[in-house]
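Both of the next two complexes hold chain A, though its partner changes from chain B to chain C.
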Partner chain A sequence: MKKNFKLFWLFSTYSIKSAFQQRLGVVLFTLGKLLRFVVFFIFVYQLLSKTRFLAGYNINQTIVFYLTYTMIDNLGQLLFREVYRFRPLIVSGDFSGILIKPYHPFMRILIGGIDVLDVILTLPYTILLVYFIQKAGGFTFLTAIIYIGLIINSLVLTMAFHILVLSLGILTTEVDHATLIYRDLSRMGSVPMDIYKEPLRTLLTFVIPIGIMMSIPVKGLFGILTWNVFLYSVAFCIIFLIGSLTIWKKALMRYQSWGG
Partner chain B sequence: MITVKDLVKTYETPIKSGSILRDIIDRQYKKNIALNHISFEIDENEFVGFIGPNGAGKTTTMKILSGILYPTEGSTKVLGYTPFEKNNKFLKQIAFVMGQKNQMLWELPAIDTFYLNKEIYEIGDASFKQRLQEMVELLACESFIDQPVKTLSLGQRMRVELIASLLHKPKILFLDEPTIGLDIFAQAAIIKFLKEYQSRYKTTVMLTSHYMQDVQRLAKRIIMIDHGTIIFDGMLKDLIRDYSEEKIINIIMDEPLEKLPAFISHYRHAYTFPQLKITIQKSQLHKILPQILESVAYNDVTIEDEHIEDIIKKIFKKKNTSS
Partner chain C sequence: MSTFINIIDVTINQYFIYRLSFVLWRFRNFLNLLLIYFLWSGVFVGKSQIFSYTQTQLISYILIVNITGAVVLSTRTHEVAGEILSGDIINYLLKPLGYSTYLLAKELADKFLNIIFSMGELLILLVLFHPTLAIVATPQTGALFFIFLVVGLILSFHLSLLLSLVAFWTPEVWAPRFIYMVFVTFLAGNFFPLDILPKQLFEFFMFTPFPYLIYIPSKILIHGTGTNVGSMLLIALSWCLILHFMVRVVWNKGMKEFSFFGR
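Take a look at the complex of A and B:
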């Protein structure tokens, strides 16, 4: 365990060092991400300053939904950024060099490339999230714990999804489109699931499951989550993770190590 | 140390049907046999040259032995482990250097990869320092280990790749084309290093190379593989003894010849003053040599074995004709 933490730290340090080799790129990408965040933030704010409520949630609560989505999305990208760089490793066969190292390959291909841009952005997102949660009110110590627990649940689900993408990468060399689909779908979770009509709402909440990842933690925070849905979220996450790991093992057996 | 029994590896490749729709909905696959029931054993401290044409199955075998690929059939045991299980204790005892692949941190100086490998292989501080110094000296790369890897020449990169792979003193070293693309000086430096390293640390080495001279200079034992089947497994000297059918007489002359003696034209020869090269059957040597020496004024005469490349080419050709 100690070795894994040390390796995680080293991979992260080297990833940040590598990113800073192109300083202009760091500045431009950070600005781009901030711009996207601010534009959507203004959109939500403007929309609700006119309508006052969105699917029964007031402006502060809606912003908490958006900020929770942003935080989970940001943490997912921060932790699992290396997945987006997996395809070249497969196509060139360089993944073979990782498989012969005495650590779990996930140390390198899943969490081995902390994105420095997202690290920078985590701080303002956290400050804003805490500020708007306080402003929205309506939570207790227990619901706050449930909220944090469900965010962790969402991150595990995000990890399971990324493991699935890695497996797909080995089996088909397809990574980019799968991650794009994931990102497009997860973006639907930037607003409460309640705004979508049935059956789309149930589909997005429980099947795909953007709702479990993005909306349900906030519902837990505001104390409007039933225990059944809470347990379903956790069970879904565990089953999805086990499924992803099983597919990963099968994919490794079919790895062909191209490129000589 | 390495035991391979009845090893089979097949790859599936898609077959194009001519219809895009059918290729998407009902894609058909063809099975390609990369390894066809091969068996061999390698003992401790052996340096084995693994040779064969492209696609023969050399790299596939090494990738199975290092746990990268999953074998379709058969059994492999390396240091008592099943490689594909990827036990960390096993992986800490092997290294795989691939001439065409980069295992270094591309954007950062080589020294950063060395420090990373120190943690990966849990090498103690003192041992790491001593080992690094030794490797850096042996490979003469002190001047560029602080440069980003992306700025190194191919020869320099291969040297730092070797250091990164050997810092943890692996018991088994897999070398896949370590000198590919290198100039003759870099190639010679790597070969010299490998020879010295193996004799010093008694590491078991499996080497593939298309440069037969590399194999000849390093390996005592040869495993020849073609179309996934082993066609020779034995000592290099035995290969030369059993399969070399010709000798090359190399004559350096004092004066240019006005006309080549008539009997020489019956043999394969090449003449450019001052050198005359005649290739003859091994069995004819005692008969032909006195004749040659009588008929030309020579300065020096040497008799060489047939080049290893030619012997190997002949074996492959013979094998392909018979099958």
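Take a look at the complex of A and C:
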């Protein structure tokens, strides 16, 4: 565990150093991300200040949904950015060089390249999230614990999804679109799932499962989550992770390198 | 002319070689359309009118934006940056065909496919959710819609090309494009009609090229022709001229400074 943490720290340091080789890019991308967040935030705020409610949630609650989505998405991007760079490793055969190293390949291909832009943005997102949770009210110590637990659950699901993408990378080399579709699907969770009509709502909540990742933690916070759904979320996450790891092992067996 | 048609043909065939990529790209657009559609439908629950829009008008706006966006924003000009950075642009400059003609043919092919697919997506949405559409279907609005659509297309082409030409001086081409896309998403009216913004802000944005990309053509189909169409057209055409001039200047300057080796 200690060795893995040291490796994670080392890879992260390298990743940050390498990102800062292009300082202008870092500044512009951070600005762009911040701009996108602020403009959508203002849009939702402006809209709900007129309409008061969205699918039964008031303005502060709706913003908590949006900020929770932003936070989970941001942490996913921060931790698993290296997955976006997996395809060239497979195409070039350089992945073999990682497989022979004395550590688990996930240390390098899954969490081996944290995104410095998202590290910078985590702080303002956290401050805003805490502020709007307090403003929304309607939570207790227990529901706050459930909320944090379900966010961890969401991050495990995010990790499982990225492992699945890595497997797909070995089997088909199609990584880019898979990750982008995941991001677009998860963006549908930036608003409460309740706005979607059935059967799309059930599909998004329990099958795909954007709702489990983005919406259900907030419902847990506001104390409107049933225990059945809570247990389903945790069970789904465990099964999805086991499934992803199984597929990864099978994909790894089919990996073939070439060259010297 | 046959060369022009051949390039269109080759570009379409290229898409069909990488058809999964194209289908997935359109699927991503459809997901975004669903998000916006349901967001606005949810906002109207228990309300007949928000800002100056009825639910029917706003949903119609969102659906029309999907088509307008496919026509105006679909482009291959982002590839120019890659071609400059890799040096591949030399191959095209040496050919007995103008680079702008080559680009135009590729643009047409790209727009053709995107229009077909976005129509299909709209049809799926109409069949699934049966939204009522409110379109002012008169010859005047049709003609104005078409004029502003073409103007939007010219603006989008020049803006995107201008961003790619930055590659003559720096490899940092994706960050400015990312910021541009953020601007386009919100200021072109992709998410919401711009006139729901505070008046001063809206009036300020109307002096930028962004509203003329998607918002104005789509708005014309929903609310018909307004009294200030002339001034809007004047601003949009002025931007077309300014951007065209800028592209020419930047291209000529870039060409003079461009060098590459190893090809």
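Here is the rule we use: the second predicted complex is superposed on the first by the 257 of 260 C-alpha atoms of A that agree within 3 Å, B and C clash if a C-alpha of one lies under 4 Å from a C-alpha of the other, contacts with A are read in each partner's own complex, and residues count from 1 in each chain.
Note that in this section a contact is a pair of C-beta atoms (placed from the backbone, for glycine too) under 8 Å apart; a residue touches a chain by one contact, two chains touch by 3 or more.
These numbers were taken from a predicted model, which means no experiment stands behind them.
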| item | value |
| --- | --- |
| First (chain B), second (chain C), both or neither touched by A:R187 | second |
| First, second, both or neither for A:T51, with chain B first and chain C second | second |
| Chain B versus chain C as contact partner of A:L10, first or second or both or neither | first |
| Most chain A residues touched (candidates chain B, chain C) | C |
| Partner chain in contact with A:S96 - chain B first, chain C second, else both or neither | first |
| Contacts of A:F29 with chain B and chain C, given as first, second, both or neither | second |
| Touching partner for A:R85 - first (chain B), second (chain C), both, neither | neither |
| First, second, both or neither for A:H177, with chain B first and chain C second | second |
| Partner chain in contact with A:L252 - chain B first, chain C second, else both or neither | first |
| Shared chain A contacts, counted only where both chain B and chain C touch the same residue | none |
| Of all residues in chain C, those that touch chain A in their complex | 20-21, 24-25, 27-28, 31-32, 34-35, 38-39, 41-43, 45-47, 50-51, 129, 170, 172, 174-176, 178-179, 182-183, 185-186, 191-192, 196-197 |
| Residue ranges of chain A in contact with chain B within the complex | 3, 6-7, 10-11, 14, 17-18, 21, 92-94, 96-97, 99-103, 252-257, 259-260 |
| In the complex with chain A, residue positions of chain B that touch it | 11, 59, 63, 66-70, 84, 86, 88-89, 91-92, 94-96, 98, 100-103, 105-108, 112, 115-116, 119-122, 148, 176-177 |
| Complex contacts: residues of chain A adjacent to chain C | 22, 24-25, 28-29, 31-32, 35-36, 39-40, 43, 46-47, 50-51, 53-55, 174, 177, 180-181, 184-185, 187-188, 190-191, 194-197, 200 |
